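Following this line, the structures themselves.
In the two complexes below, subunit A is the common chain; its partner is subunit B in one and subunit C in the other.
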Partner chain A sequence: METPDYDNEFDAIVVGAGLAGSAAALAMANQDLDVLVLERGQSPGTKNVFGGVLYTPTVRELVDIDDAPLERYVAEKRYGVLTETDETAVTMRPGEWLEEPHNDSYTVLRGSFDEWFAEQAVDAGATLLTETTVTGLVREPGGGAAEGRVVGVETDRPDGTIRAPVVVVAEGANSLVSEGAGLRDHHDREDVAVAAKEVLKFDRETIEQRFRLNGDQGVAYNYFGEGAVGDAVGGGFIYTNKRTVSVGVAYSIEDAVASDQNPEETLNDFKQHPAVAPLVRGGRTVEYSAHAIPEGGIDAVPDLVSDGALLAGDAAGLVLNNGVHLEGTNMAVESGYQAGRAVAAAVDGDDGSVDDRALATYPEELADSFVVQNLQHYDFFQELAVEDREFLFSELPRALADAETEYFAVDRDPKEAHAEAAKDRLLDAAGGYVGAAKRAWKYRKLLS
Partner chain B sequence: MTVDADWTIVVPVKQVPDADDVTIDPETGTLNRSDAPAVLNAPDYNAVEAALSLRERAGGEVVAVTMGPPFARAVLETAVALGADDAVLLTDRAFGGSDTWPTSLALARAADELDADVVVCGEESTDSSTGQVPPGIAAHNGWAQLTYAEELEPRPDDDELVAVRDVEGGHERVAAETPVVVAFEYGENEPRAAGLHRKIYAETEFEPEEWSAEDLGISEQVGLVNSPTKVGGMDTADPVEREQAVVDDVDALSDRITEVTADD
Partner chain C sequence: MSTTSPTTDRDALPDVPDVENASTEDRLYADKYTDHEDSHLGVKVAGFCTDKCDTDDCVAVCPADVWRVEGDDEVPTIAYENCLECGSCRFACPHNNVAWEYPERGAGVSYKYG
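Now for the complex of A and B:
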């Protein structure tokens, strides 16, 4: 039996068939590069977890999403602040979201979406190998790199080393390959959040009645405050799919370690909150998952190109969480797309030579894109959230609830007295007019 | 050292619905095969491993064979990725609806056509579990058979294959003259993982040969009309409602178990 040798038969290897990896593979295959995608799961998406709303502008740039397994488009967003017993929420349903392309916001289930997205890359000419775990990168002396240039990958299979001119590492949050190869440092504990999520099965009618939805409409609810994740920095979420509801929590690993509660218990408490329980009641759990989220902001993003290897998606720490915007997958798609374009420009398909200057356009393009722009703009928030945690997650929610209770109290006192008391309660929490003004200034960039 | 006698080792394999995803239609009692992705029948991994191991010791080549629609080639790719040298797809509308009788006939003719010295089958398929096909192949060709085989020892110089068979109360070692059909016991060896380059080859470049019923000269002997099996009816058993309880700690669990077992 003679086995062909595929060393340097492919122009590039992509580690991981998640959204970043498949976007990179698509971008390269669209430029006629021969791409090999290695995925450890039985099929793409089986190892992936997110909330999930997928924002689709870049996906639409790469593929036609008419046949994509989208669950529902986001017709309503809700931001709820929870104490242990109260909810204060803002709900929005702009009419424009009902029109195509629905603000490019759809709930999806990663198991089916990632599989479909990887299929698009295969249809474009990429080769996908599943159940194959990349365990390390192969380096070779020379190429101007002190530790040698990355010339391939090692996998867990027999005869498992394969070479290619460029490697795109899109391995996800648990970035063992890039850490092992010295492409990035180990994630600092304070830069990582833990998420726990359940997918609950209902019939369509129950979901549509419960959340006031027609047809393909869906909701994205985000919750903050001590009623969501106790005294941790983080929040809870509820997203509607076609026949399931995703409910989960995400909060700092440091808080999870310090807490005597595990994430599962935190999720159970969230599900039992009086404002949340009626929304998730009666569902049958069909999926339970937990995952790490890198949210160290722009400072935790490593060099995106080094020695012939590129990092994209979660492996590069490209996740935005500023409380209002929770985005990772669209950044994964955009970074994969930009990485793929740079590789396509850099690799000479005939002789396998690599133009390092063309590879270097990847971080430049990404710096000009919404990915890095947003990470930079909202970089202040993570730090402030930790600094102000007592105010943001505990005092403010309580003050809001107290003020509402006071303002709308029905008794025989004049309303003006209630309004005055409610205002006092809020001002008290914010530190008077001066304190409130200071805080408004501090958080001004959140909404700008 | 054995002399390289170049055995041809044929491995009939089957694509079955992935047992993890299969459901049963409560109305008809039949399997919803279309819901589950098709994968290589689990016992066939043991058969392929046994065949590869025979090849390593006796020399020769391993050829995987399956009968099915064109997409059944996926399981041949799996076999080739694992190390089979070649593969043949028996595909023809005429095969449609075949039960174990015409199926084993087609596989027997294919094995004969390939000039097989040894045919190694998995003991049964996970979707119908009859175990009739390996003996069927032997019967159709008038070849020897070694069922319930746990270990194989090739003796190509003597044109013999020795098997350790699992029998009631122990084991027996039986030698059979080639050509011989083996039904290899599920789980009795550890199937290897496919090599990386071999897997790429199998999934991107490999093309199995395709044979029709006519190529095998059995057009009039296969398909539904030539299948003697008649299914009288099917029933599904309702699952027993199980009592569930959540306990706080190990002690509480222990108490609960003691309580329940004391009731009996």
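Now for the complex of A and C:
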């Protein structure tokens, strides 16, 4: 294979053409930096998996998304708690979501979106090399770092060493390169979720009738409770695309290894739930995928800059899951964008020198952004979810189902007796008035 | 007053449509895959599996039936060509004994939808 020599030809190297990597490359190319993006897949997106909904505020800051391969905008959200046999759900369809820019929330398929997003970086001047796996980082003595400064990457290409003044590592959740180079620790398994997902093919009309959709409207459904993922901390999801529906489960690896079923069996059970089965039945499986999700919160985020290397996106553990907000793509794009801006300010394109103070603005800017602010604000949740799992995922869904069955029971008794019994059932689960008040206090930050 | 007696057995409920789930084999067959001859997965020290491990967490966490312990196996066999490259086995192993490398030059699974 023909191999042009890329060694020392670029101002910066980006590892991975996912959302964080392409955002970084765009930000740098926009500032006239020569940037090389290395992607291990056959094209950008082929190694990438998410739920998913793409949140686009930062994407729109970087590029015009009119031509982007979006599937549907999110016109309806649903949060459902499931027992084995019951669903209690909140559904919302605010009119404002129908109007552009649709609350910046779109379902996309990563195979097409990531390819398009990487093309935008190439159009801005970045160089993209696919089928090129970064196997390690190159260090050289000096730069004030004990182990030496990062000055490039090792790849699986012939003559695989490629040097550049700065490396942005946006390799994703299975962060082999950053761990291998000592830029981050191995994740604890309680900080990582395993996700299994299926893409089901339907005709467009079936999707639109089944989910009450008109035109480009779509839904984002999230499910919790033992009917979703058994007694694990996690949940199930359904997202509508144009002609496909994405259905999947994601839950803590710590729980997955303790469970007597594997993630595929958990997915099968979720799909067979009485409230879920009518939504997903009849679809033909066109893809089965799996992914790891870093959910360790702010405590698991490593140093974002060290020794001339920057971490962004999943590789930096930038994912928010507080039960209500399940976000990662927007944080990946924002972190890549901020990393790219810092690199552009730090690298002198003429002599390849790097201003470390300018690189250090990346974690500072990110700390002031929604990315870190949200992680800090909702830091309490993961720990609470583990501590309160029995209540949250088992007792509460059952109590809700029992109470609503009781409250709406139709028979020849006065309604007052049913209402009283329903209230008692809820109070019983919550631990009486005192218990309910304590729980309300504990979870107050969820809605603030 | 009547009290409700909640049903907890899903199979006992009428009118729940059967969702026909594809088999693991058929699911994996739906994915695009580029063959590579050498496994990108392995165990670092086989002795750890033999001496230290009695939980087979790699098997329990795998969504694609890559990791298998059958019969009297002490060290798992690895059907690496099933791998969806999620990396969960690497995180799951409490002995940090999973050797994992990215498949080279674009090989392995290629997601079209993602």
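One rule holds in what follows: the second predicted complex is superposed on the first by the 443 of 448 C-alpha atoms of A that agree within 3 Å, B and C clash if a C-alpha of one lies under 4 Å from a C-alpha of the other, contacts with A are read in each partner's own complex, and residues count from 1 in each chain.
Here is the rule we use: a residue touches a chain if its C-beta (ideal position, glycine included) is under 8 Å from a C-beta of that chain, and two chains touch if they have at least 3 such contacts.
Keep in mind it's a predicted model, so treat the numbers as computed, not measured.
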First, second, both or neither for A:132, with subunit B first and subunit C second: both
First (subunit B), second (subunit C), both or neither touched by A:398: second
Subunit A residues touched by each partner, larger count belonging to subunit B or subunit C: C
First (subunit B), second (subunit C), both or neither touched by A:36: first
Which of subunit B and subunit C A:368 touches, first, second, both or neither: neither
Which superposed partner A:406 touches (first subunit B, second subunit C, both, neither): second
Subunit B versus subunit C as contact partner of A:84, first or second or both or neither: second
Touching partner for A:355 - first (subunit B), second (subunit C), both, neither: neither
Touching partner for A:383 - first (subunit B), second (subunit C), both, neither: neither
Footprint overlap on subunit A, comparing subunit B with subunit C: 132, 156
Touching residues on subunit A, where the partner in the complex is subunit C: 40-42, 45-50, 83-86, 109-111, 114, 130-133, 135, 156, 173-174, 176, 186-187, 189, 192, 194-196, 198-199, 241, 244, 246, 253, 256-259, 262-264, 267-268, 271-274, 277-278, 280-281, 285-292, 398, 401-402, 405-406, 409, 411, 413, 417-418, 421
Subunit C to subunit A touching residues, read off their complex: 1-4, 6-10, 13, 16-22, 24, 26-28, 30-31, 34, 55, 57, 59-65, 84-88, 90-92, 94, 96, 100-106, 108-114
Complex interface listing, subunit B residues touching subunit A: 61, 83, 85, 192-201, 203-205
Residues of subunit A that touch subunit B when the two form their complex: 1, 3-6, 36, 127, 129, 132, 155-162
